[in-house]
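Got some structures for you, see below.
Each of the next two complexes has subunit A plus one other chain: subunit B in the first, subunit C in the second.
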Partner chain A sequence: MKIKSLWKPALALLIAIALWELATKLFQIEVWLLPAPSTIAQEMVIVFPAFLPHMLATIKLVLVGFSSAIVLGIIVATLLHIFPTAREIVMPFLIISQNIPTIVLAPLFMIWFGLGDFPKYLIIAMTAFFPITIATLDGFGQTNRDLMHYMQMMGATKKQTFFKLQLPDAVPSIFSGIKIAATYSVMTAVVAEWLGAQKGIGVFMTLSASSYRTSRVFVAIVVTIILSLAFFGLFLALEKWFTRWKRNEGAQ
Partner chain B sequence: MKAIIRCLPFLALLLLLVGCQSKESEGNEKVQLFLDWTPNTNHTGIYVAKEKGYFEEEGLDVEIMLPGEVSTEQIIGSGKGQFGISFQSQVTQARSENIPIVSVAAIIQNDTSGYYTPKSKGIKTPKDFEGRVYGAYGSELEKASLQAIMDKEGGDASKINMVQVGNTDYFIAMERDIDFVSIFYAWTGIEGEIRGADMNFIQSADYAPELDTYSPLIITSDEMIEKNPETVQAFINAVFKGYEFAINNPEEAADILIAAEPDLNPELVKRSQEWLSPRYKEGAEAWGIQEASRWENYANFMIKNQIIEGVDIQKAFNNEFITNAMK
Partner chain C sequence: MTLQIQQLHHSFGEKKILSDVSFTVENGEFVSILGPSGSGKSTLFHLIGGILKPEQGNILLNNRDITNQSGHMSYMPQSPSLFPWRTVLQNAMLGSELAGIADEAKAIDLLQKANLGEMIQAYPSQLSGGMKQRVAFVRALLSPQPLICLDEPFSALDSFTKKEMQQWLLKTWEAYDKSILFITHDIEEALFLSDHVIILSTNPATVKASIKVPFKRPRDEQLFLSEEFLHWKRKVVEALKE
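And then the complex of A and B:
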């Protein structure tokens, strides 16, 4: 996505916010039902010092959980690629693992692993690693056949073929998996915290909701969105950097 | 033509749904009651009123709803439901945020909540909470309430490690990292008795009388009282009879609740009902009555602890309907 093409959604967002502001004033909507964007902005400024530790806790959770998901996802995909039998056996279970709702799984994890950070890392990693694994596997499957033949003809070992051809070729696919997972990893972290934590955006949300401070709930929502976008942006940038050889190739 | 045939089953289903909805009412006014939590013995009187036809006698058709994660106070305040089960603490906080809800009947006169801890943890009085891990349910009130009951012995609640436990089973949580939790004795305490858990129970009101709140209670909205006072009266008349029945016939009342909610543990319901029935109106003139001083004391406690800035507490409760129901 180019910066230039961002002005359209930005404009739409601005118009939506303006309409929202107008509607809350026009229909005199109570703050506890739907706060105006300006009220949310004010609340954000007021509450930010108290909110910061919660935000940092969530960021830490996402960073640790998500990086483990990336490592885990690529390793699992590699193993499944090397051992096709394992792939046949494991695949259905991978899919099943994605069908258990977080709200059910989280309390169970807390029972099994305690209320520290570990069960939350696990939840984030579990939800995020699936798209990464699938996309990586896809990437391995789409290696250029001609180049593969060349490598084999030149007598490259399996290891060489993998590291010099298959893995680099799969990078764009791996990144599309990572980007998909990145968009909802912040949300997963918030839900996990909501189900049991000491600090975090999820905890802040529960506390605000239980005291009917709807504007604070919106502060948490806005920050969750911003964090998710920042996260997505980070991987977008990383992808560009990692695949720059591809673009160079095209330019030649 | 083919498209129409394909749509037929859906059309039939739609008609069926519409049919079902209009069939039930039969002239009775439909109202919804939102519970605060899963059904339990706090709600027995309502189930009695429904199953024994007290609501019908008053011309009401009451649907009992579970709120899930949505707050009952906001549902009632916004007029999406007519009645709800809430707590004095919640109503006070909601009123301070201008949510127009009113408590119209206290379900239990005295607060039965307190702190629950396995005997092996060695927590005997609130002072022992220091340095321990508290499994919080997620409210700003928790720290202030803990400090209030620790004040008597000069304890410091900021030394408690608060961890939100959400939906985790309390008993299992306390076998792991959690040292103590807050419970309602009538339900979780009785559950502990049944499980044979060796527990200490520290009742909040013993240490801090200002925490003796009406919990739970029945709420409706300002608008209902203003525009449909007859409906509110009819509802209160029926639940008044329902709770009177539950007070006088604990066993039969428990059976009604078990029949209506078969997923509940029957033994828990029976023993909880036996414990709770004599407590519904303990020390009060009649079931449901609320004293202004109790509301004022608790509001002052919340203001003092900066949980709320201020509240017009007289608007938070109303005895008019109970007084009429007593006649």
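And then the complex of A and C:
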């Protein structure tokens, strides 16, 4: 993704915001129903000091939950790759685990693990590790044949073949899994917070919604979007760095 | 180091690939295996490399049976097979790294001699085809095994680069005490490089002839144009036709 190509969607967004602003003025829409973008912006400035601790709580939740998801995803993929029988047995259950809605899972985890942060980390990790595992397994399955052949002919051990070839060769795949998971991990954290937390964007959102402070709900939505984008951008940058050897590919 | 190939037989299903192939590579010798494409040359390498088990026959290294054991030879495949995420230097050291004896100073020295001194921190994607093959050969040379097997390493290069690479290969190899087993389908290449040329027939592959090449070393490109070279080329062509 190039920065230059971003101006078109940015322009579209600006036009949409302008139309929204215009519509709220023109049709005199009530603030509790749909606040104007300018009202939301003002509200954001006012509420930000009170909002900040909520935001930091969510960021911490996402960072801890998501990094565990990455570690878990890669470890599970590695184990399933080394033991094909385990792969056959476990795979259906992994898919089933992804079909349980977060909204059902969250209260169950609260019952089992209490109201602390742990059940929320678990929810984020559980939803995020799956795409990472699948993408990593895919990467392990598509190891470059020529390089594999070289390793075999040189008499490389299984351990050497894994760490020197299969794992680094799977890095681009691992990152495509991470990027998919990263896009909805902030949202998962917010949903998890709805169901029981002291602090967090999700808590702020439910409190604001129940008191009809719609502009604050929108503040929470905007921040959630910005955080998601920042999070995605972070992994995009990490991917670029980890696959810097790709830069000149096909340039000869 | 002596490599002895003794009466190798191998087939894939019903199709017989190798039939009674025997030859020897002595210490410090450059031996080429010459044969048309599809004559089972690569299968022979897979057997020597130990990743295939022959139906019959033995492979001995210094009189020790190494049949179906990998890791006894260093290898340079047809495609350069450099690891794209490793720098040139890291790639060159891979073979020795696998054996647990990576020596960075030696690798840098060899790369400099191969005119790759400025590229040691570059990635393979930044190299030309000839450069990639030079890195692949340096990698094979740095591996500790006394025998290097090269599988048609220059067949994808244009004829100018190919000639350059052949001379570079000879010059580099002559400074080392390593034996080379070289697969090719190019008669001139085999004669120019080798001490011995082993001619294989196809379907199934058997040793048709083993020709001792009398040219003195060091050799240079003038050799290609000499009467003597043509004479031996004719001999090889005749042997192939038989």
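As a convention for this text, the second predicted complex is superposed on the first by the 247 of 252 C-alpha atoms of A that agree within 3 Å, B and C clash if a C-alpha of one lies under 4 Å from a C-alpha of the other, contacts with A are read in each partner's own complex, and residues count from 1 in each chain.
As a working rule, contacts are C-beta pairs under 8 Å (C-beta built on N, C-alpha and C of every residue); 3 or more make two chains touch, one makes a residue touch a chain.
Here the structure is a predicted model, which means the values were calculated and not measured.
Colleague: Looking at A:210, would you say it contacts subunit B, subunit C, both, or neither? Reply first, second, both or neither.
Modeller: After superposing on A, A:210 lies in contact with subunit B but is clear of subunit C.
Colleague: Looking at A:198 after the superposition, I want to know if it touches subunit B, subunit C, both of them or none. Which is it: first, second, both, neither?
Modeller: first
Colleague: Could you look at A:160 and tell me whether it touches subunit B, subunit C, both or neither (first, second, both, neither)?
Modeller: second
Colleague: Identify the partner contact of A:33: answer first if only subunit B is touched, second if only subunit C is, both if each is, neither if none is.
Modeller: A:33 sits against subunit B, while subunit C stays out of touch.
Colleague: When the two structures are overlaid on chain A, which partner does A:168 contact: first (subunit B), second (subunit C), both, or neither?
Modeller: In the superposition, A:168 touches subunit C alone.
Colleague: Just subunit B (first), just subunit C (second), both, or neither: which does A:124 touch?
Modeller: neither
Colleague: In the overlaid three-chain picture, which partner chain does A:62 touch, first (subunit B) or second (subunit C), both, or neither?
Modeller: neither
Colleague: By the touch definition at the top of the document, which applies to A:245: first (subunit B), second (subunit C), both, or neither?
Modeller: second
Colleague: A:152 in the overlay: touching subunit B, subunit C, both, or neither? Say first, second, both or neither.
Modeller: second
Colleague: If you look only at subunit B, which of its residues touch subunit A in the complex?
Modeller: 71, 73-74, 77-78, 93-94, 97-99, 135, 138-140, 161-169, 172-173, 176-178, 307
Colleague: In the complex formed with subunit B, which residues of subunit A make contact?
Modeller: Going through subunit A, the ones touching subunit B are 30-33, 103, 106-107, 110-111, 114-116, 193-198, 203, 206-207, 209-213.
Colleague: Name, in rising order, each residue of subunit A that touches subunit C in their complex.
Modeller: Touching subunit C: residues 146-147, 149-156, 160, 164-165, 168-169, 171, 243-252 of subunit A.
Colleague: Can you list the subunit C residues touching subunit A in their complex?
Modeller: 45-46, 49-51, 69-75, 77, 79, 81, 83-86, 94-95, 97-98, 123-126, 128, 143, 149
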